[in-house]
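The same chain A turns up in both complexes below, where it pairs with chain B and then with chain C.
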Partner chain A sequence: MLKVCDLEKKLQNHLVLHQLNMDIEDRCIYGLIGENGAGKSTLLRVLAGVYECDHGCVMIDDQDLHKYPEKKAEILLIQDEPFYFHHATLSDMKHFYQIAHPDLDEAYYHKLITVFELDDRQPLYKFSKGMKRQAFLILGLCIAPRYLLLDEAFDGLDPHMRMMFKKEISERIEEKKMSVIISSHNLKEMEELCDCFGILENGKLLTSGSVSDKLHEVHRFQLAFAKPMDKEDFSELKLLSLQITASIVNLVAEGEEAEIKAFLKEKQPIMMEMLPVSLEEIFVFKMLNKTEVSQ
Partner chain B sequence: MKQLLLTNTELSYLKYYIKKEARLGITAIIILALFVSGLLLPGALVKIGLILFGGQFDDYSGSGWESMSRVFISVCILAYLLPLYLFRFLMNRSGNDLYLSLPIERKRLFYVHYIIGLFYLITISLLLLLGYSLFVNTLSIYQISSAESFSYILLNIYFIVLGVCLYTFFTYIVIRCHNLLDAILMELAYTLLPLLFYYALHALITHAAEASTTYLFLGFDDTSLINIIELPTAVLSIPIQMNLWMIYFCSYASKAAIACELLLVAGFLWIIFTVCCFLGARKSFVRIRSEQSGQNTNAFFTYPLLIPLVSFLLLIATQSEHLFSINIILILVAFLLAHFIAYRKISFSIRKLLLFISLAASSFLLFISLTKTNLFGAVKEVPKLEEIDSFTLAVTQYYANNESSQSTFLIGSGRSDEAIADILAEQAKIMDYKKQHSDNDIYDQAYIVRFQYDTDAVEQGFIERTYIFNQKDKEYIEARIAEWKKMHIIQDYTE
Partner chain C sequence: MAYEKAYGKWYWKHNQRMLATYLMIAATLIIVPQLMFPYDPQSSSIPLALSAYVVFALNLLMALLVPLYQFRFLFNKRSVDLYYPLPMKKTTMYWLNYGLGAILVCVPNMIFFINLLWEQASHAYIPYYLLMMAGLVLFGLSLYALVTFFVMKCNSLWDACFAAAAVPISQLLIVSAVNGLLRNAVTELVNNGGSAYEFFSLSYFEGAQPVMAGFQWISASLNAFFHISQSGGNFLTLWLQESTLNAWMLIYYLLLLIGFSDWACKTYVKRKGEDSEQQTTSKFIFPLFISLITGSLLAYNITDIAYLCFTIVLFFLMNALAERKLVIKTKMIAVLAIYGISLLGIHKVLIDTNGFGRIHEFYETDEILAVRSEYHDYTDSEESEMSSIIMYVFQKDPKLIEMMVKSHHESVTNNVKHNGEQALGELIIDYELKNGKHAYRYLYFYPEDAKLIKEFKDYIKEQNYAEDDVFIR
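After this line comes the complex of A and B, so read on.
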């Protein structure tokens, strides 16, 4: 298990990560969500051992990553703009990564470069942005470290490639028992791919947990009443969003589905319909950090 | 013991890197071999460089050994470039992500990169030395005897040791810089700083001597102060040390300004300093905060030290009796420009202005204290009474409108203490007059007054002070001559 305890990190006197605690279970895909500047890339760099912690620690199996640098062999960070040597080819970079990760799967590597039609003898500077991303994702999957950290790794890939990589990641996790931590802005994609997620805001973890659990915890209802309603009528609910237009009410509430339904039925609606909620909506509601009410 | 050995991962990394850079290493060997053989850069440019770094023009004229210096220049170039190349990843955020996430302890990652640099520095230098030695011996180009050839090889091996010192020092500098431009500028600044130190002090002493005497260097024993600054300059700069060694080697000490024993001491001091630099570089590497990569460099010994230091050296180099001059404005502009380069923004604060004013005031005070104390006693225009055994006073008269027409007439000579004291007082009066009416137009001279003192205190056996008086001073000097005759301070004189 990868454990982050009371992590604090300052960048140029600005506190980017503040008392951050999180646990990442083995064999899961963890989605790191947050606005620009929330601290996602900084957190990934701390997890990879590139940045030192100002306070707190990162533990892998109860061993502090910064005190046991050999533990870094269990982690691989693929950046949004990966670094490669001057005139290096994908094959050269594979050789470099093999120093720290000698178990790189050669057969799988050859399979992937064939599937993704990449020439590993061509200098990487000649690759397009998307091709570079593919190249380093391939290396990450072939190394299959215990924790693969992907910083906005799918940005720049076309939909077809995204789908293929998502499939490969899912298969690889099953096969190699690895965990993947992905930061992204594409919440729809994260919802499809991730088991767990964490929302970062101003360096703090706003909420985290299993994606499916969270989707079951949050419910959207559309209701119609015989008389105009007031926001006070719904004050007993843990509301994330509330929109009232005379007798028509749209609300998003957190809690047990049955309890919310029972409460709403007591108000005797003419019509009540339950609508699906997406991870993106949960993110938006959480980020707004207040009940959205309009009348 | 385990601490000293590289792990399998570190060893694999070392091998990989050496193999990866082999092509670049071969390219470097070819370029430097062309340079050493004289095919790449004209000898004239190399000579200018060598003259700047502690040599004299005569040292390099008429012989081919200036091209021998190309091997040590190559060692210096390698020592300059290798740290920039090997540690440049520290100045790039994505480079940091790759290297610092490797499962290698930071201290050992530093060792690996440092060793790679050492490997290339020593290997390329030895190959160049071997190639050059074979070239010289096979073609007998410079008619070097086998004994000389052996000494030359030994000398170059010592140069490689000095090259390692330089490489380690630059490694420390590069690690403390946060971006590549700063690293290049800092390396350059520390290469040129000893030269600036030498030329600034030289200029300061020259200007102060001019201001202390009535005529340029009159009574100034220039072996005492100017030569004394050559030692710290040689200690500060490895390229200067190497150059002086080459001069010593090729001219057998006849032209070397500093004895080889002192150069050995300077080399020894550098070896001690290198150990400190190595430990400092290792510590800095371990403590590196990768989030600072690409940011402005703020380590004390970089811009915060160099900008005031270089400004101060420029101020003392251009100092005169007048505090305010156009030079100060130019140096202030350079001072602000350096701050702009350092912090990548235009800013002007009272603190900066106060710093510059204090530097200007300090340089002026230093200049004034040097002139007021006659360069701490080094300028002795009027000799001391106890040093003098006898004197001779001679006056040469030039006739107006006829430059070639002149007559020297002996005014007199003396030996008694009383007469010597009187003539010293007269010289002081003449000196004061000249200070107030400084003019030495050689096409307008009326009289030349020459004081010659016989003494055992100086090497040449006599001290001579000569004062030129122009037509406008004619009345004054004729009055003085008349006075001398009346005073009977001259026991014998002829006209």
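After this line comes the complex of A and C, so read on.
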């Protein structure tokens, strides 16, 4: 298990990560969600051992990553813009990654470069942005470390490629028992791909947990009443969003579905409909961090 | 250990082409001087002498470039993302890169050794060459350690390039500045002639920086070889006689090498991944080098206005490089003012105290071992009383020395009186002092000096010095 305890990180005197605690189970896909500047890339760099913690620690199996650098071999970070040496080919970069990850699966590597039609003898600077992403994702999948950290790794890939990589990742997790931590702005994709997620805001973990549990915890209702309603009428609910237009009410609330339904029924709506909530909406509501009321 | 081995293996594979090119260039540069100026056993030359200088020049060049090459990954955020997650301790990573870099610095010396075995004429000198090369390796690696330390303090490649260039430049400037400061005082206190070296022991000071020490070391070694080939003798004794360096200096360089290598390691370990591409704020880079360079340039000649203006412009340009924008701050002006006042103060103290009692125009006769003088008559007249007397070789005759000192005193009085006007010619005096130094004086002579010069000439004629030693018209 990868455990982050009371992590604090300052960059140029600006507190980027603040008292961050999180647990990442083995064999899961963890989605790291957050606005620009929330601290996602910094967190991934700390997890990869690029940045050291100013306070707190990152533990792998109860061993501090920064005290046991050999543990870094269990982690691989693929950045949104991965670095490659001057005139280096994909094959050259593979050799570099093999320093820390000698068990790179050569057969799988050759299979993937054939499937994705990449020439590993061609200099990487000649590759398009999407091809570079593919190239480094392939390295990540072939290495299959215990923890693969992907920083907005799917950005720049076309939908077909995204789909293919998602499929490869899922298969690789099954096969190699690795965990993937992905940061992305594409929440729809994260919802499809991830088992768990964490929302970062201003360096703090706003909420985290299993995607399916969270989707079951949050409910959206559309209601029509015979008389105009007021926000006070719904104050007993743990609201994430509330929009009132005279007698029409749209609300998103957190809690047990049955309890919310029972509460709303007491208000005697003319019409009550339960609508699905997406992870993207949860993110937006959490980010807004307030109940929107419009009357 | 497996990761370290894998890194070394990867480094070798990754840099093969670069290493081959470097080897080729180094080998060519070391061998070409031998082809251009082949060793002639009939002449007084020493085999591979020129190549030794090339080797050290390459050592110096590599000492400046290799730290930038080896640690260039620190100056790019994305490459830091690649290197820092390597599962190695930071100290291990540092020593791996540093060690591989040290080998690169020493490659020219290795080529030299191979060449040494191949060049038959040099075989008699092998143990001496080995000792000479050991010294050069030490100086080269000391500079490498120094540059590596300063490079570790930088956050961007440009700043690191500035630091790498500033290390040897500032060292040379400091030596020149101290020399200039003392020379200016000597010029003011001694009428004509005299140098800082005459009154102060600057050789240790100069030898305290690797660039000059290395060249002194080669020159001393080759001179010692030459003496041995001509008249035999103990090599080490001859070497140390020739060289201004001694065993203490070698220990100093060894300590410099060990100290800065270790300090650079500690700096590397303290570096944070996020420092990359940030402004370099270490006091060891811009504040230190700007101070050293500006201070040295001002000290060299603070009284020359054009030179002063150039130094001030350079000072602000270096600050602009540090700040990444051209700014003139009160603090900068205050620093310049402090420099100006301090250096003028030091200059005044040197003048008022006669260089702490060390600078003087004349020597007592018992301080002088031998004397050489030249009179050059501007009038070039056959009838002239001061017709040319040129004494080529030093004479140890006490009477002659006494006459020369007397003539010198007289000449200085007349030089002060006439201030260069209506001079009949010039007098060059070269005293060989008992402390092993030379004192040169350049003076004009006037009609009042005629009597003394005539006495001098007559005395020389009486002595019947060897014909090759004296020329009198």
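Going forward, the second predicted complex is superposed on the first by the 295 of 295 C-alpha atoms of A that agree within 3 Å, B and C clash if a C-alpha of one lies under 4 Å from a C-alpha of the other, contacts with A are read in each partner's own complex, and residues count from 1 in each chain.
The working rule: a contact is a pair of C-beta atoms (placed from the backbone, for glycine too) under 8 Å apart; a residue touches a chain by one contact, two chains touch by 3 or more.
Since we're looking at a predicted model, the values are computed, not measured.
The superposed arrangement places chain B and chain C in clashing positions on chain A.
Shared-chain residue A:Glu70: touches chain B and chain C both.
By the document's definition of touching, both partners, chain B and chain C, reach A:Phe83.
With both structures placed on the common chain, the touch criterion links A:Leu275 to neither chain B nor chain C. Within the superposed three-chain model, A:Gly49 lies in touch with chain B and with chain C [touch as defined at top]. By the document's definition of touching, neither partner reaches A:Met163: not chain B, not chain C. In the superposed pair of complexes, A:Ala262 makes contact with neither chain B nor chain C. None of the stretches 41-49, 419-427, 455-463 or 473-481 of chain B clash with chain C in the superposition except 455-463.
Comparing the two complexes, residues 11-12, 45, 48-52, 69-73, 75-77, 79, 81-83, 85, 92, 95-96, 99-100 of chain A contact chain B in one case and chain C in the other. Of all residues in chain B, only 9, 12-13, 16, 20, 89, 92, 94-98, 100-106, 289-291, 295 touch chain A in the complex they form. Chain contact summary for the complex, chain A toward chain C: residues 11-12, 45, 48-52, 69-73, 75-77, 79, 81-83, 85, 92, 95-96, 98-100, 102.
Contact residues of chain C toward chain A in the complex are 2-3, 6-7, 10, 13-14, 76, 78-82, 84-90, 272-274, 278. In the complex of the two chains, the chain A residues touching chain B come out as 11-12, 45, 48-52, 69-73, 75-77, 79, 81-83, 85, 92, 95-96, 99-100.
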